[in-house]
Structure formats: structure tokens, C-alpha cells
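Reviewing the structure listed below.
Labels run A, B, C, D, E and F following the written order; every chain starts at residue 1.
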Amino acid sequence: MYGEVAIFSGNANPELAQDISQALAVPLCPADVFKFSNHNIFCRLQASVRGKDVFIIQPISNSWNKNGEFASVNDNLMELLIMIETAKRDSAGRISAVVPYYGYGRTDKKDQPRVPITARLVADLIITAGADRFLTVDLHAGQVQGFFNIQVDEVTAFYLLSDYIRDKNIENAVVVAGDIGATKRSRNFAQALNLPLAIIEKRRIQLEDGSRSEALNIIGEVEGKNCIIYDDEIDTAGTMVQAMTYLKKQDAQDIYICATHPVFSDPAGQRLSQSPAKEVAVTNTIALPPDKKFAKLTILSIAPVLAEVIRRIHLGISVGELFNE
Amino acid sequence: MYGEVAIFSGNANPELAQDISQALAVPLCPADVFKFSNHNIFCRLQASVRGKDVFIIQPISNSWNKNGEFASVNDNLMELLIMIETAKRDSAGRISAVVPYYGYGRTDKKDQPRVPITARLVADLIITAGADRFLTVDLHAGQVQGFFNIQVDEVTAFYLLSDYIRDKNIENAVVVAGDIGATKRSRNFAQALNLPLAIIEKRRIQLEDGSRSEALNIIGEVEGKNCIIYDDEIDTAGTMVQAMTYLKKQDAQDIYICATHPVFSDPAGQRLSQSPAKEVAVTNTIALPPDKKFAKLTILSIAPVLAEVIRRIHLGISVGELFNE
Amino acid sequence: MYGEVAIFSGNANPELAQDISQALAVPLCPADVFKFSNHNIFCRLQASVRGKDVFIIQPISNSWNKNGEFASVNDNLMELLIMIETAKRDSAGRISAVVPYYGYGRTDKKDQPRVPITARLVADLIITAGADRFLTVDLHAGQVQGFFNIQVDEVTAFYLLSDYIRDKNIENAVVVAGDIGATKRSRNFAQALNLPLAIIEKRRIQLEDGSRSEALNIIGEVEGKNCIIYDDEIDTAGTMVQAMTYLKKQDAQDIYICATHPVFSDPAGQRLSQSPAKEVAVTNTIALPPDKKFAKLTILSIAPVLAEVIRRIHLGISVGELFNE
Amino acid sequence: MYGEVAIFSGNANPELAQDISQALAVPLCPADVFKFSNHNIFCRLQASVRGKDVFIIQPISNSWNKNGEFASVNDNLMELLIMIETAKRDSAGRISAVVPYYGYGRTDKKDQPRVPITARLVADLIITAGADRFLTVDLHAGQVQGFFNIQVDEVTAFYLLSDYIRDKNIENAVVVAGDIGATKRSRNFAQALNLPLAIIEKRRIQLEDGSRSEALNIIGEVEGKNCIIYDDEIDTAGTMVQAMTYLKKQDAQDIYICATHPVFSDPAGQRLSQSPAKEVAVTNTIALPPDKKFAKLTILSIAPVLAEVIRRIHLGISVGELFNE
Amino acid sequence: MYGEVAIFSGNANPELAQDISQALAVPLCPADVFKFSNHNIFCRLQASVRGKDVFIIQPISNSWNKNGEFASVNDNLMELLIMIETAKRDSAGRISAVVPYYGYGRTDKKDQPRVPITARLVADLIITAGADRFLTVDLHAGQVQGFFNIQVDEVTAFYLLSDYIRDKNIENAVVVAGDIGATKRSRNFAQALNLPLAIIEKRRIQLEDGSRSEALNIIGEVEGKNCIIYDDEIDTAGTMVQAMTYLKKQDAQDIYICATHPVFSDPAGQRLSQSPAKEVAVTNTIALPPDKKFAKLTILSIAPVLAEVIRRIHLGISVGELFNE
Amino acid sequence: MYGEVAIFSGNANPELAQDISQALAVPLCPADVFKFSNHNIFCRLQASVRGKDVFIIQPISNSWNKNGEFASVNDNLMELLIMIETAKRDSAGRISAVVPYYGYGRTDKKDQPRVPITARLVADLIITAGADRFLTVDLHAGQVQGFFNIQVDEVTAFYLLSDYIRDKNIENAVVVAGDIGATKRSRNFAQALNLPLAIIEKRRIQLEDGSRSEALNIIGEVEGKNCIIYDDEIDTAGTMVQAMTYLKKQDAQDIYICATHPVFSDPAGQRLSQSPAKEVAVTNTIALPPDKKFAKLTILSIAPVLAEVIRRIHLGISVGELFNE
């Protein structure tokens, strides 16, 4: 229906793009995407995309390039938008924004007055720039799909992570929701692994002296059990480490952490490395610089799944069936 | 900034519109809104709305008029859209769709392939018809606000219901999430009432004979306690009654049900009436015909809150502060 | 240009969809389209439509399913919109709304102040839902095509009906416009059959006692002639039967009624059955429940024409030529 | 709601604009609107319109300026669009396009394959240029209002013309529809004057030698009667003169012609001047150069009606009531 | 990707369309495009364009047909829009507006208050009418591409003209910018021909008696040199002839004029013919009537370049590479 | 027309916002605008903007806050967009984006294949976020105004800078365009100061050994003169310093540099400080950190002009007249 596949990578996660390209056996298209000294991003495609089925791979996350130069989530979003604009003006046949990590995804509702719904804004920006399709991995909330009026495919790392845990054959285990917001997600993980569920709840409490504090309490059983905490992303790991400490106080045994997106804002790396976690398993939707990696970190590759979905989108084959099986 | 306030009511909940009108001391504007014999809805405003600040009150729910004639959620949605279209073509200054119950709100994400996100579609229809603003009560998910790119005000009945319960001074109580999806909402309710939380979890299980079934289990403590179940809406009350029966088996004491929206699809009325619930408290966002009411049903009026918000929207006064206090 | 044809039917006229499918030798695609107990319509496609050339067949009319359950014109419109939304989010290649009867088509202008142009609103809703093309039969006014800015094909049953009448070889005949609004349409019918034209005009008159009434009068000759009344649709048949009674008073002979769309709002069936009409010929754009059918009713099938047009749309062959011959 | 009124005139009918300005007691705003030697139109407003309620008066018709220089309907449409664009970029508060004659209004449907619906295109162009409102006189078809999704006010010269005829006290009169397309409009005119209706029908006929011709015939009574022909516009006057000649052959007495818009394409002036018409009454929606005027032409001014409607639009007072009385 | 190529020509430059058609070996598609006597343009395609890859060739310039009848830039723009509308409603697969000369291109910024940016307006009109792509030659400013959000290809006659001049082997030559606005363009021309650059600057000066005048002065060397003046278009040739006269006063030798677009508003033909220019070289983007041609005028054909670009657009081959070589 | 003025500042140039606020005697509205540790920007307004006339001041440039923390042009653009989104969802009456420096403004055309027109993209992003108006200072090209279809006011620092230079009474002066692209701008500056103009031209040349190089040459007279170089912005100052060196070689006297926007990408500060320039005069559209300032730098404040324009926009008074005087 469209011309041949043309895959481009922004600067946020070129290794993932390379892996996808390899899995598809389609070489990455060359393009100059760089910052001028005034930090304006520029893009020059090195071959025409006229009529082609273009896929632009770029997570909306912070990144560090090989020289350690930092690019913020906003730099990388803008880079994505400019690459889409460039492909559009070069008469691409169809443009798919492939965004393995959807930044700003947690700012998805007005839970207090006078705040933005940035997750909707970002969707509008991507559409305005000229994307025809959107492909992403594990949105923070499923409703974010509804922020788009272009076609969306959402891929999940759920099976990748649950298969990984299952293969460990952890005995006497329980899935623990690290906070109340992760309950539904954790229940699904528990069900897939055929394990019970427990929930850690944080409450604001009033102390005797009138000051306010927070207290954790557990709903369900964790004592003497091996705990598996599952969430969509790990940011600073503050809540996660707090949960682990609390679980240990409740006499939990080993603790395993699973999450799709390793946002790892400082000091996540240090915190997790020093935490009671036995293992932390994430995927490579976000590229991690060397100093954010640590011994007990396992990185599973989402590239084969994304490659297969790109292949199906290009050929017009059902994507839903991929996850139904 | 706009002309005077003009409030219209569709046929879905004229009593609520009347209450709002009274609370505002602004009479309802007359309009002929009716179905032709071919069920095409027609609308004729009985006075000009040129330049006025128009509010059209219509929940997107099923309804029964005084003669017992049924109008489906789709009839009432279409009636809303046609009233907006009419006001727009009569040169209204600003049109606010006041939708106390947002039907289709639970179809807000693609949790399986090849299904719609109808909650986004309905938002688009309302915008297409010509609404400038949207005012609603307790959306099923906060993200639905992000489906709109017009200005939205979301009013909550949370305080109305939690105040009502607090005044009962129920001892030895626990808030129970009737299913996993209600966890976060129930936690907030529990926190407001300074009560503990328990959660009922439903699991698909494999029976010995290979067939599949469902089993409930409780996370947290309910034995000997008075239970308060809180949710945004009660539809057929199937899950709700199942939860109550289960709680009773766990030796719970009294059970109180609170919900903003009494959708009450058959046989909700009968089920709740015969259920172990001691009381069912809802609001009047949706009009209930006589046969859906029952002895232990309490209906709290949302009209004063909606009237106050309409007043603030018209005058350009902060709405957020109304709920911050 | 697009993938293979995928034809879906809503619940408003599955028999017509079946006939079209048979004429095309393309099986209907399976889909679950149903109402929940809260009357929210839900849709789940049973096979992927990714990249396909999707046709969704659904007249915007009232309907009764096999169990006699009623669905209003608004239910069926909403069902159409939800099916379009579903196909769009499942990445359909192109979506054609096939609407054999365009409900709300007569609300196409503001002939009094403060009324809607619902026919434009409905066009906007269909476009907003995501339709790429629109295919319909005999619009009430040709200008309604201009309400759409997507591509429209309008099929006519004019030749089907005029051929049917011609084959009857009715002698000494005249075509009669049943009211002034049908004049132009009737003239074309008269010209196709090479017959003279007469027009029935209704006037508001002032009676001697000051009250107002209506009086019919005839422009042209009908005495002793066989009359053929032609119109685009028959709704309650009130005007139609009034015209027939009047014609009989003017000593007309046999009366034949032709119309594309049998809207047949109550009590049309009873009225027509008991009227002086010798025969009533309509098409199957709208499905009729058993109790709306009667002895002198003839139903001609529009399915072969719609099937041929769908075939041409899919293949990119001229549709205009189909009606030029 | 908006700043003060600012009225501008294009070059198509400055006399009408002057009359409206006088009736409103609001002076026309000065602006340079002219063609460069390359026929590019340029516009420079001579005073700021920031925040003002701008009305731009320009019929979409051919025109001749005081020096006899011709401007086509397309020149005048483009002039309108450029003036709207200019006012928009100068930060007008609200822009109303006042188009006393809507050119291209008869190209409002596809009555043959592969033709445009230019009346919709023109509506889209006016909206695209930036008009917030549209004000016009007697559209060829009421449905054209539905081509706009901005607010429209349609003024009618019906009462102006029917009052004018009524005051003549013509005895033994009949209203005649000059062709089948004018039937409904003529019926309304007949009803307003309490006169009978007759219709002239044109038919294609097959002659004995196989060639095709056209023949007129009359439906209703005209013999010995004074005839009043009413239509929305007179273009070349070909059909009109043909009808008059035919009426005279049917022994009609005096013939009066009424029409809102004197399009008067050549040779309309000569034809009407030499025709059997006793009088031709039109309005000044279109400016006529001296050589298109003739002795029996009466021009009624639409300016007072347009001025009153502009006043009401500005003040936010009902326009519908103006015509209801 | 689209159906076969279908090329249509408006009435502004049918010879160019014919040349393009010949160069492509694809016959022009027949269509009736004409003005009614009321100057309304009408269009009827003589064959279906359903699914085809349609190219409509029409410069936005004044034109004279074979009978010497004048059509203004506005007539020709409107003709283009109506042809696009017609092709869109006939279900064209893709529509490319091929506009060899983009009229209104010099009204591209607000260099004084209260003026339009008509070049943006025209872009919006073309998009609104339904064009999917835009193809043009030598825009007055490159930024005009950014006025479009559809895909644009801009072809240049730069190489055609510079090759033509180079082949003349003019000795002792200098490229002269005729006014300050042509400096950059002239520098590029000078660089391509490896010649020096001089610039004529016009200044408003205050005379001794207080009145204001304009004075030219030269920046750079022209004495005794052959001068080549290059610009994108020649309108009335006033500035051009003024520059030539001034150059002659500075003892310049031969003067050659090069420009892409021969707008030639009166009295350009006469002026250039009588000017000191040795030769005037232009392209055929705009059709010239016989009386605007003169002995020292050379017309180079842009048809082969446009044909090649159309071929590449249709096949999805890089256009950029055509000009990179 | 709108509620009271509410002025907000992003983090890119709070000093300028403070100055504008002071000049207007309207205090800045408080808001929390900050980055989370994942570099996601968040915004929380500290008071309602419902119905207010909101102005958000934020240049699209790099910036350093008081702690020296860097924010890129993309961070600051995104901050602007999020603040607009927040104000929109808080029901602002009107939102004006006040962008003293329009980053990406030089990427305004496709001067080579396969590059973006980012200046158009940024305009689209600002409109998409919800801005109703746009206010900026000295765009790189006037055509960029045409990239917006919302209302734009462009303020100029031309008079500020030319007045400043005039007051210096520099004798024997010439305005020099530092490169060919600055010619027109420099001519206007020269004319305002009644000074001659010279132009520095850079050419690619072919060396004898076949390699390519660049050479400068001067068009016009600079020997022994005091030179004033004027441009819209200074980025890395590379071209500027190259020009100064060249001028000195041509025996120019003192050199003065004027520019509106001190982009000052490294190593601009160092370069200019060490350059032959006698003085460098810029405005404060962009905030400069201490290490980018140097002894011969003069910063003129644009705040009074911006404040006056904001006042006029709010009151609906002509802005054009401000610059006409």
C-alpha cells in the first residue's frame, strides 16, 4: 500500500533502533540529526523518502550520547517532531512515530486545579508535526491512546517480563503493588503468574503534635514470602525503595523488581544498587548511560517485539493477534 | 464577557435542571424538544439566544419521561447534540454542555484489540456539534478530561457522599473496594473518612475438571466490621451484590453503598432492594423512574454544586477553589 | 489501492447487507455489535481490518430486530458512528459509510428561526467518527451532498421505480405531485414516463368564523385518469393518504404510489393498507418489520445497485457512468 | 461584547454600503482596496480595527465601477476574501461577511457526474479567509445555509416585494412559476398575496423527424389574468422572457416580474426592456450600471433591512423576530 | 501508489499544459471549463478521475484566450480552485495543483500595518479546495513554501537561465541586482556564472526645497562592462527600465535581462521593447498574448522540467536529486 | 472585552518579564513552573486565570537560571507550550504568547532538499497548544508572520538601535551589511541614519590546486570610514568577526555592531570581546548569563516597547500607530 520501509533513528536511543533494524533485516536510513551551537536541532535526510513507509524511532526521555552529552526529554521530543516535519515535507508516503517510552505520560489528568494535561498536549504536538501513526510501549494509562485521533498501536512488555519471572521458578511468592496506583497492573501480573497479591498503601497521617506525616501499611500477606514488585516505570526509585524497606520490615524474603521503562532519574541507579532488591529487570525502551547501570540490573530487549509490529504495520497484518496468542 | 445566562434542559433529567435553575434563581428557558413519529428529534428554541451564555443540561443516560416513554442513552446524546447545534446556529455567545453523567465513559481504552474508545468519540461529537465548554460530574477516569480540547470543568460528588457517611458516625468501619478497579477511588474515600481499606479481588481460576470459573478473595480485614463500598457508578449492580454476599460470608456487619451515578440498569433496582445493603446512597445526576427506587435508597442532590459552578463559570470566578476548601 | 474489501453490517438492516454481500460474492465480516444492559452500544470486530477497504452498511432509521426489539434512528446512527470509530482505531485502510437511508435528511434548512440543520450535523458526526467516504440512496435534497467534505456517492432508485411502473403499461395516466415540495421530482418522473404532470397544493385558509383551516386544490388534470404519486420517502403517510382521498374526490381512477424509502412511521402501514392506493412500491433501503407490511406493498431491492457501486468504488471505476447509460 | 461597529465596503456595490451606513448612522470606514497593474488586489485599512465588530459589505457578483471598469464575480469574491484576511490580521474582534448576493449559489448540488458544488466551496473559502459570521439575502436554496459552519443570518426581500405588489392592488391576478424549480417559492408568494398559482413546465420532446425540442405547457389557469412571476434572481432573462411570450400566447393580461437579485447578464437588460413585461421589480443587492437599467425597471432598496439586521447582530438582539412579525 | 496519471489544464496557459503533456507522452484529459454569461466558472470533467493521480496545470496570472478574451488573476485562481473541487468530489486519488506562476506571491509579509498576507491566504484557499500537493516554479520568497502544510515541490528556472547566459560567452560581464531586494538572488546567479556582482540601490532623498525624491546609486563596478540583470519576475518593467537607463549613464555596455516569470503588466512589453536591453530572456510559466511579445524577447520552455518532476512525483522518485546534480 | 490582564513568566527571561510588569504597573502572576527530576516540566498556576487576558512571556532561546542551570531552546519552547496548555485548561479568556526571541526562526525555507521548515513547525506547535495571539520582536524574515493563522504583532527594535547610534554622532560613517543576506535590513538602517551602504560578500572559490575555499570582497566604500554593522541577531559571531577583520584589512576605522537578539552561542562572548569592535549594542530579548557579558557590550531594554504593546492589545488600541509615528 505504501512504498518500501524506511527506518530512521533520532539520537535518544540509537542502540534500540539498531536492534530493531537488525531484527527486521532493514538497514537504518542515514540522516544528519544534530544540534547547532545555539541548540537548535537540525535534520537533513540523506536519501529521499518520497512515497515511503517511514518509521522514526525516538523515546521521549532524557538521553546521553556516546560523548556523554545530555539531551533532555524536551530536546528529544523536539527532535522527534522535527524529524517528522522533515519526512512530511520530503513527501513521505506514511509516517509512524515509534516512541518506545512516552514521556509526560503520567501528567494525564487534572488531579488538582490549574495544572496541564501534558500527555494530551504531547499527542497533539506529534499529530501536528505530521505523524500518521503512533507506536509505543506500555503507556502509563490505557486512556492515553484516546488522546490520539491517529491510529495507535500499543505494544506491551508484560509478557516479556512475566515470562522472565516465571522462568525463575520463585517459590512461595507474592506480587506486591508498590503503591495503590499500581494495584490493577499488579493484579494482572499476579494472575498471569498465578500468585497472590498484596498492596502497600501510603497514608497521610496526623501526628500527636499536630504535624503531618506519611505511614505505609500492607494489605494482604507478605511475611516470609518472596516479593515481586511490578510497575510500568521506575523514575527516581524513591517509592520503590521505600516499599522494599517496608517489606523487609514485614519479614519479606527476596524482592524482585520488574518494570518496563527504566527512567532512572538520579539517584535511581545508586538507590536501586544499594537497595534490598535481589534483581531489577527492565527493558531497553530507554537507553541507559554506563553510570546508571549496576550489577543486579537485567535489561531485556523489546526490539524483537517492536520489529515484528513494524513488520505487521507495513504489511497490513493484524497486530492484535500478536498479543492474543 | 458574555450575555446573560440562558439555561436549557433536554428531556433526560428535567427535574435536576429545574433544581439547578431554582438554586440559581434563573428560570429555565423554554424550548420545544421532542421526537417526530419517525423518532427524529427536533428542537425549537422559544426565545433567541443571540450572544447569550447558554447552558444545556442533559445527562447521557437512559431516561423515562412522565408518561413512561423510554429514551435510550443514544437518544439523549443526540438530543444534546441537536440542542447544541440549534443554539450555535441561533448565534449563542457561548455554549456549555452540562452533562451530569457522561455515558460511554467506561469505554475509555482499548483493553482488547478491535474495540472502540467511545468515550473519546463522544467527546469529539460534543465538540463537533459546537459546544465551547463541558461541565460534568465524576468521570469514570480522570483522563477522559484529556479527550476534550475545549475547556472542561469536572465537579465531584465525593464530598457530598463522604460528608453524608461521616455524619452517620458508623463505628468499627472499613471502606471496601468492590473490585480491583475501584481501589484508588476507595482509598481516597477511606482516607477522607480516616478508615482502613480492604479490597475484593476477583480471579479467573481453572477448576479441576478443566473448566474455568471465578473466585473472590479479600485483601485486608472485614470480619466483624461495618463496610462502606464506594464507587463512581452502579450499573446492573451485579458485581456490587456479589461483593456484598461475599462480605457477608466473611462475617462483615452492616454494608453501606455509596455511588455518584445511579445508572441502575435492570435488574439493579430489584437486586439492590433485596441485597444485604443497609443503605444505598447516590446522587440525582441521573433521573430514576419510580420503579427503580426502593426503600433503602437515599438520593442526594448535586444541583446546588452544579448551580454554584455554573454561576462561577458565567462570572469568570475560580471553580477550582470551590473544591480546594 | 487499498487492501481487500471488508463489509460489515450494523443491526439496522442486516437483510440488505446480506443481499449486497451475496451480490458481490463477498461474505459479510463477523463483528459483535450489541447493547449492554445500560443501552451503551459496543462493537468488537472479529477479524482485523488493518489496511482493508471497509464498507459499513447501516441506514439511519428506526429498526426492529428479529426479537422485535426496537432501536431508534439515534441508536442506529450511534451504532454507525461507533463501528466507524472501531474500524478507524483498528487501522482500516479506508472506511466507507454506506447509509441507504439518510435520517434527519429533511431537517436540511432553517425555514423558521431557532431550529437546527440536523442534516448538516449528522454529516459532521459521520466525518468526525472517521468515515473517508459516504454512499447513500436518494437524498431528500441534492444539496445535502454539499454538507459533506468527504467524497460522496449518491445512488438513485429512480430508474428502478420508473422501470417498474413503465412495465405496468398503465393507460391514461398522469404523475401527481402529492404536495408542492414534490413538484420537481415528480416532473422528472413524469418526463421519464412521458406522462403529464399534476400538482396538489395545500393552502392555509381563513374560514368565515375567523378560524384557520387547510384546503387542497389541484393544478392540472386528473379527472378520469390513473394517478402515479412519486416521492422520495413515505413517513406517516398522512399527506399521501390525504392526497389520495382528494384525488378520488376529483374522480381519479387507480392510484399507484412509488417511493424510495419506506420510513412507515405509525400508522403508515395501517393507513396505506386501508387507502385507495392500488399498489405501493418502495425499496428495501429500510427494513420493515412484519406488522408494517401489507398486501398491496411491493418491495424492490436496491441491493444489486449498491453492490455494483461498492464494487466500482473499490476498483476505482466510474460510478457516474452507471447512471448515465 | 465586541468593540464598536466598523463597516467596510468592497468595490462591488459601494452605493448599497453607503445606504446601509446612512441607515445605521455609522460612517463607512475608509480603506484602500484596489488592483495593481497585474490585477492583484490589495487592501490597506486606513484605521485600526483592533477588537472592533467588523462588517464587510460585498456582493459576489460582477460589477462596473464609476469609470466603467469591469470586475468579475471572481474578482469581487477575491476582494472579499482579501478584506477579511486584512481585518483578521489587524486583530478585528469579529468579522461578518455581508454578502447581499451569493454568487455561485445555483451550483449547489451534483445533478450530473463530475461537476463541482461550488456553493459549498465558496462557503469554505469565506470561512478559511477568517469570517466569523455570514449575512446574506435570499439564497437560491435554503440548504446553502448548511454549507456554513459559522453563524449565518439570511435576510429575505420576500416581504419587500410582496408588499410592493400588494400595494398595486392588481385585480384578477395569478402568481405564475416561470419554471418548475420556482414552484415552491411562487406558492409562498401566491399565499402571501392570497392569489392562485399556475406553473409553466418545460419539457424535452421528441419531434416526428426524430430530433429533440422543448415545449412549454401551463399547469393551472392564466387566460385573461394578470400574471405575477416571482423568482430569486434574473440572470440572462432567457427563461423569463420565454415564459412571458408563452403566457401572452395563452391570452394572459399584464405581466409583472419580481425578483430579489438583478444579475442581469447580457442581454438581460435589452430582453426585459423589449419584453411584454409591464414592470420588473428587483432590489439593489447587486449594483447595476446605467446601460443595464431601463424604463420599466423598479429598484427597491434592501439597505434598511440589512442595516437593521447589522444593528441587531452587533447588539445581540434577535434577528428572527424581525421577520416573524 | 495511486491510479494512473490524469493531467488537466485550466484556461490560463493551455500551451504549457500541452507541452508538458507531450513531454510526458500522456494526453491531456478533456474537460469543459468555461464561464457562464454571469462569469460564474463551471467545470465538467469528461472522464472519471476516480482513484487517479490528478495534476491540474494553471498559473495564477492574468491570461488572454485565443479570442483575446481577458481572464484576471482572480478568475484563474478561482478556476483552479473549482477544478480541484471537481476532481475531489469525483473521488480523485490524489490532486496536485501545478501552479507555474504563484500570483500574489509578493504580498508575503506585513511591511506596513493593516495589510494582508495574501500569499498565505492563497495557500489556504488551495488547501481548502482539496489539493493534496502543490508544485510551482521559483517563488518570490522561499518562505512561501512554509505557508503550505501540504507537500510542496518548488522547481527552479535558475539553471535554465544561467545555462542560457553561460552559452552566450559574454565577456567582461557583471551581474547587477536591479534593486536591493534582488541582491541575494543575483549573487547566486553571479556565483553560478563566476562573475562579479553590483547592486543598484534606490533611496528616498530630501531635496533642497524640502520635497522628496528618489535617487539611484550603484554599489560595485559597472563602467564599461556588459551587465546581466536577473530577477524572479518582470511586472510592469518600470524598475527594470529605470535600472537600465541608470546603468547606461554609468557607461555600462550591453544589458541582458533574465527572469523566470514574464508577468508583463502594461506597459511592460512596450517599455522593454524600447529599452536599452540587448535581450530579454524569460520562461513560459505565463502565457503571453501576441501584443506582449517583441523582437528581443527569448522564451525558454520550463515544460521539460515540469514534466520530469510530475513523472517523479507520480512514480515516487526523488525530486531533490533532479536539482542536486 | 476580556477580563483583567494576567502576566506570567516562564524561566527563560524572568528579568525581562519583571521589567515589563513594572512598566505596566501590573504585578507578575505567581506560578510554579519547574522540572521534575526526570526533566519533565510541570506548571501549576497559583491563581485562577478564568476569563482573564493572559500574557505568557518566554523567549525561545537557551537560558541559564540563577544557579547556572542550563535550559535549552527546546526546554524553553516546551515550557512555553505547557504554560499555554495550563492556562487554556484553566479557562483563560485569551492567551497571548509573548516570545521576544523566536528561536528556529532562521530555519524558514527549504534551501536544500530533505530539510524541515522548523519555523513553521514551531508556529503550528504554539497554535496547537492553544495560543490565541502571538507577540514577538524582529523576526528573521517578515514572512514568518504568515506561518501563523492566529493574530500576530511584531515589534521592532530597529528604532531603539538606530536612535542609539544616531545619538553617538559618528562621523564619516557607513553602514555595512556583514553578509549578503543582511543587505536589505542594512539598507533600511543606512537610510534611517542617512548613511551610505556597503556590502561584504562571501564567495566560494576554486584554488589553483583544485581545492575550494571562501573569499570575502567588499561592494561599496569602507576605506577610512567608521563602520556600523547591523543585523537581527548575533549567534556564534563567527561571520561577524570575520567581517570585522576583513573591514580592518580594508582600512576601516571604528566598527560598531548592532543587533536585536544576543543569541551569543559559544564562543560569541569571547570572540566579540576580543574583536576589533568598538561597541556591541543589543537588546534584552534574550537573558545573558554573567560569563557572556563583556566590557564593550551595551544592552538596551525592549521592555518599555513590549509593555506598551501589551497595554494596547489588552485595551484594543492600534499597535501599528505605535511604529508609524
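FYI, a residue touches a chain if its C-beta (ideal position, glycine included) is under 8 Å from a C-beta of that chain, and two chains touch if they have at least 3 such contacts.
Given the structure is predicted, the values throughout are model-derived calculations rather than measurements.
S.K.: Shared touching chains for subunit A and subunit D?
M.R.: B, C, E, F
S.K.: Compute the shortest path length in steps from subunit B to subunit F over the network of touching chains.
M.R.: Minimum number of steps from subunit B to subunit F: 1.
S.K.: With centres defined as the mean of C-alpha atoms, identify the chain lying farthest from subunit D.
M.R.: So the chain farthest away from subunit D turns out to be A.
S.K.: Please compute the C-alpha centroid of subunit B, do the same for subunit C, then give the distance between them in whole Å.
M.R.: Their C-alpha centroids are separated by 37 Å.
S.K.: Counting only Cα atoms for the centres, state how far subunit C is from subunit F in Å.
M.R.: For subunit C versus subunit F, the centre distance works out to 62 Å.
S.K.: From the C-alpha centre of subunit D to that of subunit F, how far is it in Å?
M.R.: 51
S.K.: What are the residue numbers in subunit A that touch two or more other chains?
M.R.: 1, 47-48, 89-90, 110, 112-114, 117, 120, 124, 318-321
S.K.: Pull out all the chain pairs that touch, please.
M.R.: Touching chain pairs, listed by label, are A-B, A-C, A-E, A-F, B-C, B-D, B-F, C-D, C-E, D-E, D-F, E-F.
S.K.: Which residues of subunit E touch subunit C in their complex?
M.R.: 1-3, 47-48, 50-52, 88-91, 93
S.K.: Touching residues of subunit C toward subunit B in the complex: what are they?
M.R.: 36-46, 48-49, 61-62, 72-75, 77-79, 81-82, 85-86, 89-90, 103-104, 106-107, 110, 112-118, 120-121, 124-125, 128-129, 235-236, 263, 265-266
S.K.: Residue numbers of subunit C touching subunit D in their complex, please.
M.R.: 108-114, 117, 119-120, 124, 141-147, 149, 154, 180-181, 183-184, 187, 191, 197-199, 201, 203-204, 219-220, 318-321, 323-324
S.K.: Considering the complex alone, what residue numbers of subunit B touch subunit F?
M.R.: Subunit B residues touching subunit F: 1, 133, 151-153, 312-313, 316-321.
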